[in-house]
Amino acid sequence: MPGVPPTHFMFLGPEATFTEQALLTLPAAVRGRRTPARSVPEALDAIRSGEADAALVPLENSIGGAVGITLDELIDGTPLAITREVVIPVEFVLGAREPIAFDQIRTVAAHPQASAQCRGWLRTHLPEATVIDVLSNSAAAISAAKGEYDAAICAPIGADRYQLSLLAEKISDHPDAVTRFILVTQPGTPPAPTGDDVTSLAIFISHDRVGALLAVLMELAVRGINLTRIESRPTGERLGRYAFFLDCTGHVAEDRLGEALQGLHRVCADVRFLGSYPRHRAFDGDRPVPAPAGLSDVDYADAAAWLARIRAGDLT
Amino acid sequence: MPGVPPTHFMFLGPEATFTEQALLTLPAAVRGRRTPARSVPEALDAIRSGEADAALVPLENSIGGAVGITLDELIDGTPLAITREVVIPVEFVLGAREPIAFDQIRTVAAHPQASAQCRGWLRTHLPEATVIDVLSNSAAAISAAKGEYDAAICAPIGADRYQLSLLAEKISDHPDAVTRFILVTQPGTPPAPTGDDVTSLAIFISHDRVGALLAVLMELAVRGINLTRIESRPTGERLGRYAFFLDCTGHVAEDRLGEALQGLHRVCADVRFLGSYPRHRAFDGDRPVPAPAGLSDVDYADAAAWLARIRAGDLT
Amino acid sequence: MPGVPPTHFMFLGPEATFTEQALLTLPAAVRGRRTPARSVPEALDAIRSGEADAALVPLENSIGGAVGITLDELIDGTPLAITREVVIPVEFVLGAREPIAFDQIRTVAAHPQASAQCRGWLRTHLPEATVIDVLSNSAAAISAAKGEYDAAICAPIGADRYQLSLLAEKISDHPDAVTRFILVTQPGTPPAPTGDDVTSLAIFISHDRVGALLAVLMELAVRGINLTRIESRPTGERLGRYAFFLDCTGHVAEDRLGEALQGLHRVCADVRFLGSYPRHRAFDGDRPVPAPAGLSDVDYADAAAWLARIRAGDLT
Amino acid sequence: MPGVPPTHFMFLGPEATFTEQALLTLPAAVRGRRTPARSVPEALDAIRSGEADAALVPLENSIGGAVGITLDELIDGTPLAITREVVIPVEFVLGAREPIAFDQIRTVAAHPQASAQCRGWLRTHLPEATVIDVLSNSAAAISAAKGEYDAAICAPIGADRYQLSLLAEKISDHPDAVTRFILVTQPGTPPAPTGDDVTSLAIFISHDRVGALLAVLMELAVRGINLTRIESRPTGERLGRYAFFLDCTGHVAEDRLGEALQGLHRVCADVRFLGSYPRHRAFDGDRPVPAPAGLSDVDYADAAAWLARIRAGDLT
């Protein structure tokens, strides 16, 4: 129920993958009940049916490829709301049942996308090992824990959960890679603004994309709204209707974003509001990008006061 | 006093020129007191001092060149407000004390800009006549009425006032030319919106003109505000500050224009609101340009209602 | 080698998935040699090393999640070029070793994303069946062919290859879903313009995204270049540098797109040209979107001729 | 004839006004023949007919109001070209036949717009004097020289020409006011670029002004072309066609402006090129505004070289 903190959390399973690791950064989830779902649709349907209060699913995921399906689920069916985001680094580890020298490793279990992301490291450090595809990062950890394979590429939580010896850390070829998860609940009044929030939207525009998309960006730019993500979705091409997912700086309760949202509502074929929620701080000292000159909250208040004066005939 | 209909009208003199002709299209001025001023600054100072209630002066004037000084006066000194516009065609006539054949006319009195605008006609119909420069269109009419010259180029009102015989009408080489006058009063609550209004502004922007001007136009365009006039003013070039005069469709009391004005206030170095007033209808059947798709008042109301719903957590 | 038609094709394996199905729409690939790769990086490295001539990999893929890694590979390492796109519908089938009634099916093998996309169908038609996760669509087909499970969700090519009985076709909950593949080769002169081409780019812009992205879209819009896809990539957030993938209408050899590309090169921190290639026609009668008024090729030629005249002093 | 320096100069008369003062800043005009014209159309027709080589007329004129007629003349009739601009300060002086104390002055001859611009000074220094309207600044000087009136407001050249005693200098209430003149000839190859040039244009756009004008500014902004003047012209309102006069930084011979002009030619109903000519330097040390980041000539050359490389298949 909106307004009541969630106690039962779904997450994209299986257990001991990056999604569960992300979920455990939330104190309420640590205290609450956590249930893995077989798929993103299953996790979200548990929210729709009221079976659980909140679901953590990947939104931008270098591993696991769940992004498209998350987006599709958010714009199909009854509306849901994003109330939180969690961003974690994609730091793969190499674990094994027991400490083992690299040159002794002949088989490495890994999810195909995990091994793809660690290919450079594997070529350098384990050139002779055979990579065995498995269904998930946790399946890799489990198989190594059982001794089915000599080692596994997995998330840190997987190595920990299945008590693997850590042979190497941060073995990804993309050290800056992050994965972004969203916590989804039934719609309700959004969390209060914090001064550093993100608003997620799905917009639909008709044919003639550049002109229409330019109009969308102008609605944001004139209000000093920053765009931190934009993604078009492939659609059946006969339909002449295009979906874009946008993440903007700001909160629906703020004048600035409220004005921009109304503008989008006017120029787009459709707009689906997906939620306003606190921006994840990536590191200590991470600060919101300041509004451009003339577009701060103080400037908004000044302009509103000026308009009230001239409407009343005070031109001094 | 704002709210009280004016009874004492100043106008840019002398009498019997296009300005008085324009003034006499206003019923209140026909009934009220009308005083010619020697110059635009004198006319406007009579309003500032309270000596008169309203002043009619040219804003865009193909004849008389008063535009620049009107604009300068509106942005210097204590603020004034435009409450009305009057647009009249610039239709010159040729008049004489008595009917006279063209080939008998040896001298034609005319203001230099009037004769310049009728040059083609004069060359064709009075190739032998000498044009005598005089100080105004009415001075031309007066001199012809006194018999100082054989004929005069003047405004229809001048021929009428000084009882000249009309030798020819609509003799300008620019048959579509119009002159636009504004009625200026002390500031006060603007006249009520009519659904077809104009708002006049002076804006000031800093260096880097294209970028800044583009930002200004985007503020208008995203709200569907049309621009019916734009004029930059020459300024001393060291100052790095540029003035533009804009006429926009819409009324300061409307949401759409109110939002746009706030946007301009944020992005411009300064904005001076000069007034919202009914648009002059040029002819029967002259209709306001409809707002572009998605930018009508209904669209504004829809968007506001939608925003209220999503702020309340209603995403259906 | 550029200019020589490829004869040895890599594709994202395993065999008998949608990628191979897409590859077999290319006559040269039907005649040539086809080698499955374990991952997108492996497929592309085979091109870089010269081991194969061309690789078909998914770019926008509702199934399989390979998009992110394809994009990352295209912007890391030595440059490659896209020379062709293939778009196919994502039409899942249900197959089994032998004809079997729905109510006899107790186990269904499927890739997790395939079963997620067919969830509605499964709930309706096979409510009692257990879905077994497997590593790929072809692994599902193989396991059903071996009789390990009662049925499999797979691509049409998988049912065909492993001689499954078709129990149901087009069982996806998203009947319009398509997947888009690209054929990648070593860089060379792009294929000749056809009049209906796509150009793919990766652009990098610095902080302050809306302003910068707006500048990018203006470069395209003023030349009438349409944008058919835009996608931002998550990056490590400390870097202050953002990558966007764009697909534009037009060909690098054309004036219009050449001018736009130069504009992007000037305003972006970096631009990586990924290729110009014929647009995939989705269906008979699918036509390119015509250029907006004033932006056709004829208009470009007119404008160039006019400029040449005025430069030569001919102002007539 | 284009290419041959002019020797016979027309200028907007009468003699000894600001226009002649501006003309005498041109060495060729000092050496050549100078003929006053009665009006701007007369001056320009002398060029069209070949009677004179060049005409100096006001373009932006705080005094004299000739701007509108100059603009109209430039867009009507056979084309002419602007080859030079001259900007001079509007510095009025008070002159008299002989030195005379301010409190002895009872009559001051002045052009109505000159007295309007010096009103503040007159009120302070000559509160008792009567201002007599005359037809021009030089008529004022002549009348004072003849002793018809006690003093005259005129241009410095007028006081000098008619040997008046200077009673006061710089008496305008607008000390930064400048007037801008243009030198007009028959069309021909424009003067060579100097690196700091202005290009003047008249553009015509159809209804729906903001959108159309925004498109025009985008064409300039994306090429880093600065706009130093913009002015809309009143037109007969039934026509649905609007004229704007623009002054841009840059020269028609340059790639950057050439590309922008082609863009304007495509999006406008019509474009009339009025000339490219050196920018008037207002004072020592007056420098051109540098191009925005990414839009310098070096950036243009870089982008062109890059495009040539990628067209040839070189993606390194």
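In order of appearance the chains are A, B, C and D, and numbering begins at 1 in each one.
Simple rule for what comes next: a residue touches a chain if its C-beta (ideal position, glycine included) is under 8 Å from a C-beta of that chain, and two chains touch if they have at least 3 such contacts.
Only a predicted model underlies this, so the values are computations on that prediction, with no experimental measurement involved.
Subunit A and subunit B have Cα centroids separated by 56 Å. Subunit A and subunit D have Cα centroids separated by 58 Å. Each chain gets one centre point, the mean of its Cα atoms, and the points for subunit B and subunit D are 23 Å apart.
Shared interface positions of subunit C, i.e. residues touching 2 or more other chains, are given as 218, 221.
Because contacts link each chain to exactly two others and close back on themselves, their graph is best described as a ring.
The full set of touching chain pairs reads A-B, A-C, B-D, C-D. Residues 38-42, 60-62, 64-69, 72, 87, 112-113, 115-117, 119, 131, 133-135, 174-180, 207-211, 213-214, 217-218, 220-221, 225-232, 234-239, 244, 282-283, 286, 289, 292 of subunit D touch subunit B in their complex.
Against subunit D, the residues of subunit C that register as touching in their complex are 2, 78-79, 81, 187-190, 215, 218-219, 221-223, 252-253, 258-259, 261-263, 265-267, 271-273, 294-295, 299-300, 302-304, 306-307, 310-316.
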